[in-house]
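Going in written order, the chains are labelled A, B, C and D, and every chain counts its residues from 1.
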Amino acid sequence: MTININKLEPKDYASNQEVRWCPGCGDYAILKAVKKTLSDLELAPEKIVFISGIGCASRFPYYLQTYGFHTIHGRAAAIATGVTLANPALDIWIISGDGDSLSIGSNHLLHLLRRNLNLVYLLFNNETYGLTKGQLSPTARLGTRSPTSLHGSENEPVHSARYALGAGASFVARSVDVAQKHLLGILRRAHDHKGTALVEILQNCPIFNDGIFHELTNKKNSPDHILELHHGNPMIWGVNHDKGLVLDPVNLSVEAVTIGCDGISETDLLCHDEKNENMAWMLAGLNRRQGMPTPVGVFYAVNKPMLPQLKNEDPGKEDLHQTENLNQKIKKLLDGGHAWTVS
Amino acid sequence: MTININKLEPKDYASNQEVRWCPGCGDYAILKAVKKTLSDLELAPEKIVFISGIGCASRFPYYLQTYGFHTIHGRAAAIATGVTLANPALDIWIISGDGDSLSIGSNHLLHLLRRNLNLVYLLFNNETYGLTKGQLSPTARLGTRSPTSLHGSENEPVHSARYALGAGASFVARSVDVAQKHLLGILRRAHDHKGTALVEILQNCPIFNDGIFHELTNKKNSPDHILELHHGNPMIWGVNHDKGLVLDPVNLSVEAVTIGCDGISETDLLCHDEKNENMAWMLAGLNRRQGMPTPVGVFYAVNKPMLPQLKNEDPGKEDLHQTENLNQKIKKLLDGGHAWTVS
Amino acid sequence: MASNHDKNLFQKRETIDAAVVRFAGDSGDGIQILGKQFTQSTALAGNDLATFQDFPAEIRAPAGSASGVSAFQINFGSHKTQTIGDNIDILFAMNPAALKVNLSDLRDGGLIIIDENCFTTRDLAKAGYDVNPLDDHTLDHYRLMRLPLSNLTIKAVKTEHISIREARHARNMWALGLALWMFDREKTTVTDWIRKKFAGKTHILEANLTALDAGFAYADVTEYNANRHLYHVPEAPIETGLYRNVTGTETLCWGLVTGAMLANLKMVYCSYPITPASDMLHLLTGLGEPYNIIPFQAEDEIASVCAAIGASYAGHLGVTGSSGPGMALKSEAISLAVATELPLVIINAQRGGPSTGLPTKTEQADLYQAIWGRSADTPLVVLAPRSPSACFSAAIEAVELAITFMTPVILLTDGYLSNASEAWKIPDIDAITPFPVKRNAESLTPPLPYSRDPETLARPWLIPGMKGKIHRIGGLERQNQTGNVSYDPQNHHEMTLLRHNKIAGIANRIPRQKVEYGPDKGLLAIVGWGSTFGPIHQAVRQLTEQEYIISHIHLHHIWPLPGNLGTLLSCFEFILIPEMNMGQLATLLRSAYSRPIISYPKVTGQPFKISEIVDAALKILEK
Amino acid sequence: MASNHDKNLFQKRETIDAAVVRFAGDSGDGIQILGKQFTQSTALAGNDLATFQDFPAEIRAPAGSASGVSAFQINFGSHKTQTIGDNIDILFAMNPAALKVNLSDLRDGGLIIIDENCFTTRDLAKAGYDVNPLDDHTLDHYRLMRLPLSNLTIKAVKTEHISIREARHARNMWALGLALWMFDREKTTVTDWIRKKFAGKTHILEANLTALDAGFAYADVTEYNANRHLYHVPEAPIETGLYRNVTGTETLCWGLVTGAMLANLKMVYCSYPITPASDMLHLLTGLGEPYNIIPFQAEDEIASVCAAIGASYAGHLGVTGSSGPGMALKSEAISLAVATELPLVIINAQRGGPSTGLPTKTEQADLYQAIWGRSADTPLVVLAPRSPSACFSAAIEAVELAITFMTPVILLTDGYLSNASEAWKIPDIDAITPFPVKRNAESLTPPLPYSRDPETLARPWLIPGMKGKIHRIGGLERQNQTGNVSYDPQNHHEMTLLRHNKIAGIANRIPRQKVEYGPDKGLLAIVGWGSTFGPIHQAVRQLTEQEYIISHIHLHHIWPLPGNLGTLLSCFEFILIPEMNMGQLATLLRSAYSRPIISYPKVTGQPFKISEIVDAALKILEK
């Protein structure tokens, strides 16, 4: 899907449109990482399409020197589906916010994941409705106060990763806006995946939800709160690199332990297995539990049947009449063996 | 929510409308079980509301001598949400097909489950679009042929139970149309649950999808294909009652074993724990795997925060003016401390 | 084609000009198959014809009940047939419910053929008859032919390999045999069809053939009243050419395929099942890749229109089809297509409403929604073909308008057009001028996505993959020319006008509106649109024959209206608009031409009868 | 209220009749707060007033850029003020971008007050100025007041507890102080507000108070040009009563609360955030349970209207609110409410379209959608209040109509009405006759869900929980009286007519349409609807003062139209309809009365100016 060109720098993927997010918005960091990824992957700008819904996040396509379609609220996945059906040779990226994806748009996300079309889906999760001024988002944690939840929200949020697994996703990952290096790695993995690659990016909204991911982004003690997932490696975290996950087979749950305590050594720890859906499920629920870290990285990555990629050529280049006598074919269709002649 | 009346028989819950499903449709059996349940629970007919979408299944409310609302395709959950908000004292049941719930309506199902309103949701899964004549349903298994999938469907279906768990459901169960006794038990459990109780009922559509659940319903060898879940009990099935599930802690998966082989005894088996979300997840994926049984029963049942039940009285009985001087309150609102007098 | 049943030459056949036959029975009785096969043989006999199917809303309502009755009507004759016929001449009623439901449409003196084996107490009760109508005076005004149809079939068909139940299932073929005989027809097309259909299922195949023969022979050999009911309908003077029987669903789909081909585009057909639009999805899915169709069953109507928009954005032809409730769901996304100016073809097979309404019945009540049913000012093109035949060219036209003007085009058909069939003269594809999309946008200078062709006001269709044309589009108002987001007040006004003028300009690029029948001016013009063509046309002919001066104008271009329509209408003192809705075209024309119009609404879920229109016209003509 | 700044009595104040002031700056500059506080003090000074806010579409566009400019305009005077003013008299431009964007609206000779500290090269570049407009001839036609506003604020406010950045933030209070002085106002309401708002945050509180004082004092004590800009606007002759400043959002919400109370119902307000409707959701959420409101933020617009329908079905008042794109999504479900005949109030705060369009701008382009934007024939009620004050009574009327006629009612407001404010005479709630829902349906015989009140044609509102009234409803066509599913053709026709007649009948139960201003017949009537009231009214007054004979008719009942409207319109030779759309009311009236109408569309996202309407009218009057 990629072709070699004179390598473009990240800045070459910037459009001439002024970027209009609030100062300090996490979207800037994501934009930077995406431009770097496009450059690293040496993608031809005219082969790339960014498709978004509506929201602050969804303004993203305007800022890239690629094809872009800023559609309507919640429908980016559906429109991208049509684009993919018509021209699978394109490099398709969906950009969507938490409200866009998981409130109004969740039905399309479900079916996109199930159909497993070949594209990347970046879900910017700031746990709020940025563009419409801070109403309660479906991903906002219990107790969140907002103009529509004055006394704190009263329901468990949607957990993107769990939702995606329940929907049958083939690739589920998570990263953080300001964790540039990590994010670059995940974006590349997502692009390499065959099928729909869902990446949840935790994104700070300094205006309506400032600092909700502070625990994960502050230099000092974020290692105590983040678990970086690496396929095949034991799951370890902590400033002192001494916390780990083990399986409690009796209660069928994962539990946190400290290496060196109670005779626990590194070999006792669970190793991450990207191909194990049960592990992915357990990890996707971790962040809800007291004392547990928030996993980032690739939760799950397997090959699943994809909605068949038709052998479409680039519609701009095709001449359907070249290959066969279409008129003839249609004549046969209209006749259908049921015709009679009046003479 | 239930009051004692002169006990009504199941037939007393039948409306005077002619039942109009195809002969042999699984919906008849479900109707029977529901009428029996209403009678067993001694529910007052005028306190019951059945709310459905569109589809064969959704004609259900017409056949019951209770309040009923046959709404629009995919929106039963959304309308029921409004009914519950306005009058939580009602006994609310949603009836919906697989297309209604998991194709057009999945966004509402997600948020209903997340909000955990107090009602029962019966999802009739016949793996087809009955009413519109047999198109591919989102729950139809891989390879299903239909007028819209002539060469067999090419994507993994949505698995209702997994979807519901991913959506944060507090109660997830499965039963089968013709398994009356089992179904009655599940319906009662669902009704007793505080919060949204999702029950998937596997339902035969003799016209468009005849016999897809044959393995689970034929008298002879269905025990080889069904695993009945019972909280606290080891998971055993088979005509000879000799097959069981064990945990493979290394691969983090459940595996089938035969009691008596390889030194396996009943005590080695996993016991079902309704409160364990990881177990529910694993069980919900079982039916996709070769050689594994289809679990029926309660997969998961926990208490979760519910969208607060307002202390609404029956709107038909209320006089809002009785309790306080509303006019006075509104006058204060309109003045708001910002008013001035022109004289 | 002349009769050649030599041995029965002594039986006298009555030559009649036309006949309306309705087959009716339980939805499990195979009535639609019966009807379709009879139609095929009628066409081959050289008659012109029109047919109509009437289904119950339930997949299978309780057997024997009134709600489970399925019917197939055919009107055929030796002249041009444009309606399904007001009144039935012959009614085949396969059970009491079928009799009960359909009797009121039978003309006085009409013939009823019943299966007397089905008039048991139980069946009568299911149909809601307290007294057996064969025994009281219910049928006094009609001619009745009682046949032990079930028994005759079973007797003929039953073998050791065929159960009684299966044997009885062949009743429809027995009835078909009888009908063929009555109208002096060949059996061969039917036997060919049976052989193909049941190939490999020997016993069933045999049973059907036997039943057909038995029905045919029964009339042929018995003397039981048969000679009272033998007809011959001479061939209609039909234009020469290659013909076939088609429904509107078929012609519409084929028109889309042909239109896409003429445009050198693949078609991405995105839909969500809904009656009566589902059949298009089935048909196009069946055609599939060999016909450059990419069919897509979406998760809902919103997704289906969005996928079609995505397909058009990517450079192929996005098409979506639905019915009223689904169209409502699509409206937000259609606004996006209007705003971004992408080509899109939308087919709305109208049905009875509001809400779920009467899903299997016909209605024309989505005209308002098509023209005005979106937020803000969103002009687009609306077309309404008049007949199954017209659906073919309308679909081609829709494709051409969509890509020429970079606009959504809504095609309004309805339940009647979708299911009705008629004899269609197959057009010569080679004679249609192709309109391939010009992809040489590479040469446009400057390559601006919202620059405009001065003649059409269309913007160029620049698609992902094109080098040097990279741009972004979206639903926020965009700057003229560049397409960049713009909140500038004047620009918004200008862009709104451009979108308006682009569509308004089409009025002068479509054919001038002509008078279908009758003089170009006068006292009364009946104006119709879409599927009401047939009954209006016949009514106007009848009145003309009665020496009234009256004209028929039939609209195909609903929006924009043809440039000359206002002037044309002003040449008539009275305008009468019969519509299967509460007067939606009347509203449109009043608003467009500020002139009074007499609306004649009919909202029964059934097509107009000729006589209804005649009566309405007479009220004005005789004032 | 007279000035009492004794020590400045020597400074001469010019008494003026009215003034239009616009405060403009970056969206981070606190411009809206400044505007609102100035408005409050203006109201207390006894002037009549109207205000308008103009936001950027981005939450926070780049600081200093043209796209990030936020503005607040107030028109106040000693007479009835019904528009926000065509041209600005005084412009506060807090940065170069604010100057650039707003200058064209300043009248010749108008006063500009700028913060010269912000005219740095960098700021000028961000605003898109190549040359400093203070240095070239850009401002030649205006009066300019250059103030080192930032520095003055910082100097006044900076303490050890307040950083320079924080200090500079108080610029808006400094400017407010200046403005209050200029117009001879008391500071007390503002200081009270500051004390309340920043209670607990001592340093910020002090900073704001100090800045306000500093701005006030600056004008008071310096001689720098100040006496050139001192005004006094006498009180307007206002009806006596209790007044307060209100926006349309506020009055509308309070009207809903009041309406529900008068009906003895709780209100379930179901919505999904969308500009400019979100503020209603916020406001009603804030009121909540104590006001018998059950607020519900749904997962999308479809869910929100469905939940409202569910609430009405269950017996409380379901209300939903949205804007154009969201309304489109609701249309399928609104059809269900029409079909089942359930009460429902729907508020559509219109904004610029199509599609996402111009979300923060105003437009009136959803009239088509409101009346005609659903599949099939779905008549319902449409109302359009003319001003923030009128929103209150319109909301009450909507509730009453919805429950009296068992019908959805759409209330069309718009971005302008939602955000504009005016001085509102608080109505006496006790004087409004309650219309409690009658729940004594227990006594109806027979208890049929689709039986009808002979007068209103409404069906009874039977709700779950009622004993002896058990029934089922749904979207399939239903039998007259019983409500059971019916596919009967005649019944469908009858029910369609009943639904039609029920709504049509409302035309004679609403007040007769009256002429707002001017004679009851004549050459020209300007007909408006909704928020264009102000500019039309002032234009007609001006023209009348110039001795033209002209009338103003303003529609509030959009569907059904008042029974006498046709006759009324026929009394004028010309009808001119200015609308913020491409001519939607014009289409409606042409279709209703088959008469010619001159449409004057303006689609810039901005309200009409008085002068634009005057000019358009003159073209007809002087023909």
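Structure notes:
To be clear about the criterion, a residue touches a chain if its C-beta (ideal position, glycine included) is under 8 Å from a C-beta of that chain, and two chains touch if they have at least 3 such contacts.
Note that the structure is a prediction, hence the values are computed from the model and not measured.
With respect to chain A, maximal separation of chain centres occurs for C (centres as means of Cα atoms).
Counting C-beta pairs in contact across B-C and across B-D gives the higher total for B-D. Here the CA centre of chain B is 40 Å from the CA centre of chain C. Spacing of chain A relative to chain C, judged by their CA centroids, is 45 angstrom. One inter-chain figure worth recording: chain A and chain B are separated by 30 Å, centre to centre, where each centre is the mean of the chain's CA atoms. Shared interface positions of chain D, defined as residues touching 2 or more other chains, are 67, 299-300, 325, 332, 336, 340, 355-356, 474-476.
Looking at chain B, residues 54, 70, 72, 103-104, 106-107, 110-111, 138 sit in touch with two or more other chains. Looking at the complex, you find that chain C touches chain D at residues 56-57, 67, 323-325, 327-329, 331-332, 335-336, 338-340, 352-359, 361, 363, 365-366, 368-369, 371-378, 474-477, 487, 489-490, 492-493, 496-497, 499-500, 581-582, 584, 587-588, 590-592, 594-597, 602-606.
Taken together, the chain B residues at the contact with chain C in this complex read 18-23, 54, 56, 59, 70, 72-74, 103-104, 106, 129-133, 135-136, 138, 147-150, 207. On chain B, the positions that touch chain D within their shared complex are 15, 17, 45-49, 51, 54, 61-62, 65-72, 75, 78-87, 89-90, 107-108, 110-111, 310, 312, 314-321, 326-327, 329-331, 333-336, 338-343. Of all the residues in chain D, the ones that touch chain B in their complex are 40, 43-44, 46, 238-245, 254, 257-258, 261, 264-266, 268, 270, 287, 289-292, 294, 296, 298-300, 302-303, 306-316, 318, 332-333, 336, 340, 426-427, 429-430, 439, 463-476, 484-485.
Of all residues in chain A, those touching chain B in their complex are 102-107, 110-111, 114-116, 138, 142, 154-159, 162-168, 247, 249, 251-253, 270, 273, 276-279, 281-282, 285, 304-305, 307-308.
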